[in-house]
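Both complexes shown next keep chain A, but they swap its partner, so chain B is in the first and chain C is in the second.
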Partner chain A sequence: MNIYVCIGSSCHQKSSYSVMKEIKYLIIENGLEEKVNLQSAFCLGHCANGITIKIDDEIVTGVGMGNIREIFKTKVLDICK
Partner chain B sequence: MIELEKQFFETGWSSANKHNETLCGDYFKLFENENRKVYVLSDGLGSGVKANILSTLTATILGTMISRNMPLDECVDTVAAALPVCRVRRLAYSTFTVLQLERNIAYLVQYDNPSAIILRKGKRLKYSTQVHFVGEKEIHESRIPLQDEDVIILMTDGVINAGIGKLAPNGWKYEELVAFLERLDVLSMSASRIAASIVNGCLTLSENSMDDDTTVLTIKVRERNVVNILVGPPENKEEDNKIMKMFFAKNGTRIVCGGSTAHAVSKYLNKPLHVLQDSGNEQIPDMAQIDGVDYVTEGIITLKRVLEICNQYIDNPMTLLTLCQQKDAAALIAIILIEKATDINIYFGMAANSAHEGTDIDFQTKLAVIKQLEETLLSMHKNAKISFC
Partner chain C sequence: MTYFDNDVQQLKYEVLSEIAKLAFENSLTTENLLDVASIIVPEGEARMRCCIYKERAIVNERVKLALGGDSKNPNLVEVLKIACDECPVDGIVVTQSCRGCIAHKCANICPKNAITIVNRRAVIEKSKCVECGRCATVCSYNAIVKLIRPCVNACKVNAISIDKDTKKAVIKNDKCISCGSCVYHCPFGAIMDKSYITQAVRMIREADDNKVYKIYAIVAPSLVSQYANIPEITTDKVVTAIKQIGFHSVIEAALGADMVAAMEAEELVEKGFLTSSCCPAFVQFIRRNYPTIAGNISHNLSPMAQLAKVIKQMDPTGKVVFIGPCIAKKAERRNENVKDYVDCVLTFEEMQAMFQAKKIDLETLEETALDNASYFGRIFAHSGGLTTAVGQALKEQNITTEQFTCKPLICNGISECKTALLKASKGVLSENFIEGMICEGGCIGGPACLSHSSKDKNLVDTYGHQAIEKTIANAISIFDESFM
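Then we have the complex of A and B:
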């Protein structure tokens, strides 16, 4: 599974850097290093909708420190298990 | 020899004020027209406001007159008559070094500053001077044919007096300074780095507290290095290919700033865009890589920081010495602009970035940053130009 975190101007300003760090942490916490590949990506084109990440081909917008654990659980953890 | 149209006189400088002084008593100014450059470095008597006024007047009067071909004696007389007399010392005094560069000839006029040092292939070049008097002033004149990579170093006496009574009981002797310079790898250093290294040496000898204003001005003869920066997609979508074609036809280093622009370039070149993982930090986003482009960065955040670094450099060129410790896109681009670039062409796309609709990134800010960057680069004595597309 590939996860891309947008680091375009808008997302970076909304601190996608922290989201990236958090996902990195969640991957390690759940021992998914072998299954999940995390990368930063240039603008994914959804600037107006909050921080954007892409999980395989699915775009998820409005990501933040408040909901990243929840998103990770439903879209990554539950699927990888 | 580099062909004349490809030749560039790179300017670098660094200064350290006498401790507790906010104003520098040394002053330099560059007078430039199509055919020649005239630099004047002056050290005013005393320190603080008084010295600053004296040196500013001296450099401005001399530079204005000499760059307009007035006879030298008349220029020097005019300065002598114009300087206000110091009430304490009953003197009107200010040193000066004039360096005129025309084609490949350096014309030096020196009065009471330490002799300008010329380094050729990293070694000191001894040059002859003619002495003549204007009133009571002993003026040294020299004409030196220059070669590629020559470095000319002008300085005020703060340099050779550095460290007196501290780490260098007799100051930084001229011969020792020359030996220091001959040990530096000046051929691979920019003019600004050479100047900063000398002033850094002075500060070290003086235990970071100068007893006199200290200024170094360096000029390096080098080949032009063009840097082309593409920021933002063009206003009309149809122009995309035309602009790209023009951008990629240019010689020189290519920098692409901005996510949308990078995607457009990747599409135009038909080469994938790879983000360089972990090349950024909390402040500055990661860089990316596209075959055929030298540097690919995010847009506004990176550029804002580039501008900030460049302005810090103008305020105090010695910041250059610690800049390489910052490893992100902004520091990298700033170093290229400060040390490598002689001519900077910025292609600014006027498209309202649809990706930014509804966000707090606005076009006006981006435009303002680019315009300020152009001004900053011009005040570094580089050629800079924005083309709107």
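Then we have the complex of A and C:
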């Protein structure tokens, strides 16, 4: 599985670097280093809709520190297990 | 409204805009190209030269440069032979203002005894004169003038000579470092840089709205001072405009500068003596003239190339276009270790020409955020910024003064670079880090800047402070998290 976190200017200003770090932490915490590849991307093209990440081909917008754990559980953890 | 400092830039811009327009319409046919001259120079009185036919002939030379120039001439900078006005090359001349004074300061200071007093007037013996200009400096009546061609005067690497027969300027390619000083300083606009604007437009068209591949614009931090005289045009509006002409994303070269600052600090500690490698004209200047210290040029890529490398790692099919104030960057792109990362280099002049071609009204645009780098990456745009950033990186890497003490020498402009490199090559330089910027003031003084204003440095500093990342380490921390 590939996860891309948008680090374009707009997402960066909304703290996408923190989201990136949190996802990395969740990958390690759940032992998914072999299954999940985490990358950054210069703009996923949804600047007006909050922080954007892409999980394989699915775009997820409005990501933040408040909901990243839940998103990770339903869209990454549940699928990988 | 004029965006430029002088009318030569304006003229070059008019031609580039027409070419960009044809390129966007995919109609760069011979017929259309031949029409450009009469669009720029319509029927009527000549504006600049003896007649409109000469003006049109010069426009045609500019069209050729806009399309990539003379393919047999590897130099990025070319002389437009018809445009070269054969300025006088009389050298040091005594004018009518000479009063035949009795002090004879001119004759006394001349190191070559080239001045004699004949009939109570100074006379210069041409065969002895070395054109040092000291006599002109000491004359109390300013009666001695130095008539040097502006291009020759602008070229501090002595790459420009005058053809004896045609009296036209000739550039010696083995000496030229593509700094572009002559391009900016020729008052007749007779020297111009090759343009890759049609390549860039083709790349944009073939990307089909970024669906076939994505095009990334890396913008130099000096972008913030380009519209210094038009406050309504904010940097964030320019970012919107760049996206409107077809770029997928706009990223600050300053982020590459943050990466370079961190790596350069490490390299400096390891090697003990280093020169910077950000300014491509400076690097070329060292290689050509001081080969013995070429080994001390930092091995880091420039901020442009470093960031482009990262973008290509993230998106291997993406295309990267650098937009900046610099002509030498076009030469840097050809380097073996850069050409795979950077697909095209444009100047701010060419960027503005693309806006014009697309009829984009900058003042009325919405704003798009630009925020990728730290303050330290952003201030690379002016002289001294790189040194501040390397100093900061050493601090952030907890290098104590016992481990290494950085003794930097900031060289602002080619003359200061020359002095420092000469000392370094003789082993008598007391400093251990040379920041070299060939343009006066650093990149904000670049030949393809729209603005060369005294406000530019402050604009860069103010913009630097607006960055949300306050340290270099924070700005580049994102790259520790990805590529696991």
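Quick note on the criterion: the second predicted complex is superposed on the first by the 81 of 81 C-alpha atoms of A that agree within 3 Å, B and C clash if a C-alpha of one lies under 4 Å from a C-alpha of the other, contacts with A are read in each partner's own complex, and residues count from 1 in each chain.
By our rule, a residue touches a chain if its C-beta (ideal position, glycine included) is under 8 Å from a C-beta of that chain, and two chains touch if they have at least 3 such contacts.
Nothing here was measured: the structure is a model prediction, and the numbers come from that model.
J.: Just checking: does A:Q13 make contact with chain B only, chain C only, both, or neither of them? Give me first, second, both or neither.
T.: Touch status of A:Q13: both partners.
J.: Just chain B (first), just chain C (second), both, or neither: which does A:A48 touch?
T.: first
J.: Is A:L26 in contact with chain B, with chain C, with both, or with neither (first, second, both, neither)?
T.: After superposing on A, A:L26 lies clear of both chain B and chain C.
J.: Look at A:V63 in the shared chain and tell me whether it touches chain B only, chain C only, both, or neither; answer first, second, both or neither.
T.: Touch status of A:V63: no partner.
J.: In the superposed arrangement, does A:S40 touch chain B (first), chain C (second), both or neither?
T.: Both chain B and chain C are touched by A:S40.
J.: So in the superposed three-chain picture, is A:V76 touching just chain B, just chain C, both, or none of them (first/second/both/neither)?
T.: neither
J.: Which parts of chain A are touched by chain B and by chain C alike?
T.: 7-10, 12-13, 17, 39-43, 45, 47
J.: In their complex, what parts of chain A are in touch with chain B?
T.: 7-10, 12-13, 15, 17-18, 39-43, 45-48
J.: For a test of understanding, state which residues of chain C touch chain A in their complex under the given definition.
T.: Against chain A, the touching part of chain C is residues 216, 239, 248-251, 311, 314-315, 368-372, 468, 474, 477-479, 481-484.
J.: Spell out the residues on chain A that touch chain C in their complex, using ranges where they run on.
T.: Against chain C, chain A makes touches at 5, 7-10, 12-13, 17, 20-21, 24, 27, 33, 37-43, 45, 47.
J.: Which residues of chain B touch chain A in the complex?
T.: Within the complex, chain B touches chain A at residues 258-260, 262-263, 273, 275, 277, 280-282, 285-286, 288, 298-301, 355-361.
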